[in-house]
Amino acid sequence: METEELLLNMGPVHPSTHGVLRFKLRMDGEIIKECNIVMGYLHRGTEKLGEMKTYLQFTPYTDRLDYISAFPNNYAYAKAIEELAGIEVPLRAEYIRVLTMELNRIINHLVFMGSLLMDLGAATMIMWGFREREKALQLFEMLCGARMTFNYIKPGGVRDDLPDGFIPKLNEFLKDMEKRIDDYEQLINENEIFLMRMKNIGVISAQEAINYGLTGPALRGSGVSYDIRKLEPYSIYPDLDFKVCVQSEGDSFARYMVRVDEMRESLHILRQVVDTMPEAKIVAQAKYGIAPMTGMPSAVSTYFPRIFAPPAGEVYSRIEAPKGELGFYIVSDGTTKPYRVKIRSPSFCNLTAIPRMVVGLKIPDLIAAFGTIDVVLGDVDR
Amino acid sequence: MIENAYQLIVYVLTLLGVYEWIYGIFQSFGIDYVLQIIIVFVEIVILFAFVLVTVMFLTWMERKVVAMVQSRYGPMVTGPRGLLQPVMDGVKLIGKEDIIPAKADRWIFTLAPFIVFIPALLVFIPLPFGKSLIISDLRVGLLYIIAISAMSPVALLLAGWASNNKYSLMGAMRAVAQDISYTIPLALTAIAVVMFTGSLSTVDIVNAQGGTWFGIIPKWFIFIQPLGFILFLIASIAEMGRIPFDFQESESELVAGFFTEYSGMKFAMFFLAEYAHLFAVSGIIVTLFLGGWEGPALPFIPVQLTSLVIFLIKTYAVIFFAMWLRDTVPRVRIDQLLNLGWKIMVPLAVLNLLLTGFIVVAGVI
Amino acid sequence: MNAAEELKRLLPNAVVSTGIQINKPLAVIRKEELLKVAEDVKEMGFDHLSVITGIDYTDRFEVVYNFFSYGKKQNLVLKVILGHDNPEIDSLTTFWKGADWLERETYDLVGIRFTGHPNLTRILLPEGWIGHPLRKDYDMKTEQFVMLGEDGEDVVSTDGSKLLRRK
Amino acid sequence: MDPVTIDTTKIKPAKKKPETALEKLEDTGLINTVLAAKEREGLILFSTVDQIINWARLSSLWPVTSGLACCAIEMMAVAMAHHDIARFGMEIFRASPRQADLMFVAGTVTKKMAPRVKQLYEMMPEPKWVIAVGACASTGGPYHESYAVLKGVDLIIPVDVYIPGCPPRPEAWLYGVIQLREKIKNEGYGAKWGLNK
């Protein structure tokens, strides 16, 4: 009998791609022979906009890169500018930043778990995940009035202090969350079908993972104990006690487990942050700038200048975002607008490994492997 | 003795005192067979109406059960507790544009929904809804059911192929592979039940489950055939194509599987057939293993009514289980499913058959 | 001695100058020697290629490579300076697989050609897009539209009348 | 063409009698039917059929599963337990546009995506509705100056309801859906089919 290779197009609007991505698959029956990824359906020209806006005007655009976890994006950008201009950040601001980022990490992983399970066909987990996410979003709303795109972390500090009643609510959330994670594990981890779908699927060795430039949980799932929070400590992470979550198998299940463990670790970090947060009310400092500072200085803290110009220079600054290494390469020519903003987004680089991982697997495996890489298309296409 | 719905209708008419009169009219024209045809027609209309209403109710129930598991409300706005939702969906789907893709095979594309839908209704003919509430007690009822259910993969293949869409084709291929490999354990476990009753008639199967052991435990086949029951349950869920075995239309992989290209009423027919199938299969499970309509009889209430209620309670329990399962487990992979079917289910079914044979020959029960 | 100076000691011809780029060692290298340098850099243990950045300085292009070593926990920044007309540079995909898409992206947005790249096509913008947006002389005035061709692939055109409902 | 005019005096007594029931009737939109029929000078019968069909259509809007950008996450949030769009019978997100009635354009429509969005819209069967969600889908939003973004999805497909926000809150989203329901309630299909003339 004559057989023919099947060319299958998944996407750009396909229910399993987390956004607009397109897989061009060359199939032999159900088996994938070759996988090509076509992207750019959400390419919004963020880097060009970076050159057109002033430094502070660009912060909202960083929110919309990885829209599930916007705080780390804000922070990575602010950190790059702070390194470039040599700005010192008040301690309390750093505490608040870490608090928001770790909370965001939990949310990110909740969304990851939900969408992974939904792609595998179990719709309940995403409902449960979003139930808890909603509670965390209420905390964010208290903080800055936004649910997803915060624009809260600014170069030199954060926009505002913690509101009254934030910490008790946070504690409530933390206590609740701990139980919930156990619930999720009970629902998912002991499910035979889930294990069948995840174990030994999309395996990538440590060597290859490094060579492909994987970072974050995807890399740690392959047994590389690597976390920028430990290797190149920034903010207050050196003072905090946490461990790097590693799994050695390198398959989809390992990547999933890393994220579950990370949620627990983030809870641990959050508890420490809440316990040791300094009382000082100063959350922002602004000692830089060529333009006159506008606005009234408030009694509580200093204020942000609307326009400022860091000294000419180049900087590459990176942080451990929930999805991996998020870096900003900023070139300043001494004016009020960046000369070049290059975003090293974790999703884009992690996605590189997918064509390698899925050859010889089946379509359902592609979905499982793709789900555990956890990309956000805003981050891929920028 | 009333044996089927035909006789029941005649009996009811006689009780009302009109049967003789109507019969007389027809006889005076010498066409009393027309009356028979009319009664048969009426009972079939009643059955199909009942099934369709149930199916609509099932779509509502499915959405409510899903919502319950996921700590939501589900449909609330349309009608009390959203009860009118399926009606609204139906009316809307009738009013939708009916698209036939340009490169599709028009005739087969149009035919396929009917080939799916009609067998889904025909399955109900030998299904006893209650004592004497059966359209026709075919002496080969079980064989008929299995044969009719085996029609559906053909229709799915037609639908998938005629759509001229890669997703549809793959969905159809999967559906066929799945149906074929699970019909075998399904039939084998059904045969084990038949070995006890010695009859393929569904009525005989239910009757064989009447009574109790020691006055407490009902003589249902689930207690004699626990392995058979589990195999039959898994196989029938697989054949229905529900999660965890719903690759024919697995959303995240194949968009909507074999009915990706269908819209409007044709899509609704697939949708209805799916739920009719769910209802039918649950009814068959109840008939084969859970004692059918057998249960306590109440005084002063016609046994037909109590038995119908008992049958429906049991069937809805099975349906609820299927819905519950759908919300808690992920989907298996197609090759894993086939492996499970051929390497585990079929050998186990054969083993079950062997054991049953020994028990029947030894005459233990 | 930091990594950049070590590199200069190993390959004195290839490295033009060394320095520090905000607590990361920086080495500016000659364009022709890039492959040789890359080999050495990989041997030195820099197994993680973080990012490739192309910058248009209107009179020249710069390509910046950021490396990290998991073993030594060190950073290294390499910088290559290219002429403004027809910028071309060797591809590093043979050493770091992760460079594949990063180079394609740089080609797409900045317009730097990587010789030896297995599949140097546009990645974010559709094939046929006019100009490279991150160049300083990119024409922001002309709007370009994408339409679907016969085979379902993208066709770029400045005339959007087929796509748009109204002008 | 001699349009049938409705004598309003004939309708009034029927309307006036049940004072309390009237309020309930207004909720179901039956009063609106009569008024709308009067406005169009059409036949009441067909308009009532209209009203029932419209009620069915607005009660079972099945959206197509298509998220483009940030707003898609809020779309998920709307569908999830807390906000639960299923209350309106909208939880059946159909993956195939052939079975959907409504498209949420949830997020930035880039130049590369635009023809696909248009294709998706064209694949949906009539009647169909579009909700443009967020600043990007409405006007291009924060990416208005970008070279790669289409400045509003209404440039390529007709939009019924715009929901502002970046991204809009789920409450805003639900409000938008309710607006669309209102809109469908007042659509005259009889007029479209030419039955009311």
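Observations on the model:
Letters A, B, C and D mark the chains as written, and numbering starts fresh at 1 in each.
One rule holds in what follows: a contact is a pair of C-beta atoms (placed from the backbone, for glycine too) under 8 Å apart; a residue touches a chain by one contact, two chains touch by 3 or more.
Not measured: the values here are computed from a predicted model.
If you take chain B and chain D together, the chains in touch with both are A. The chain closest to the protein's centre is A, with centres computed as averages of CA atoms.
For this pair, chain A with chain C, the centres built from the Cα atoms lie 24 Å apart. The distance from the centre of chain C to the centre of chain D, with each centre set as the mean of the Cα atoms, comes to 47 Å.
Averaged Cα coordinates give chain A a centre that lies 35 Å from the centre of chain D. In this assembly, the C-alpha centroid of chain B lies 62 Å from the C-alpha centroid of chain C.
Residues of chain C in contact with at least two other chains: 125-126, 133, 138.
Under the contact definition stated at the top, the residues of chain A that touch 2 or more other chains are 9, 14-15, 40, 43, 45, 48, 127-128, 131, 381.
In chain D, 65, 80-81, 95, 112, 116, 145, 147-148 are the positions where the chain touches two or more neighbouring chains simultaneously. Counting only pairs that meet the touch rule, the chains in contact are A-B, A-C, A-D, B-D, C-D. In the complex of the two chains, the chain C residues touching chain D come out as 125-126, 133, 138, 140, 144-148, 154, 163-166. Across the complex, chain B meets chain D through its residues 63, 67, 70-78, 82, 84-85, 87-92, 95-99, 251, 255-256, 259-264, 267. Interface residues of chain A, counted against chain C in their complex, comprise 9, 39-40, 43, 45, 47-48, 51, 83-84, 208, 210-215, 224, 226, 231-232, 313-318, 325, 327, 329, 331, 339-340, 342, 344, 348-349, 351-352, 356, 381-382. Residue ranges of chain A in contact with chain B, taken from their complex: 6, 8-9, 14-16, 30, 117-124, 127-128, 131, 187, 191, 193-194, 196-197, 362-365, 367. The residues of chain D lying in touch with chain C in their complex are 111-112, 114-116, 118-119, 145, 147-148, 154-158.
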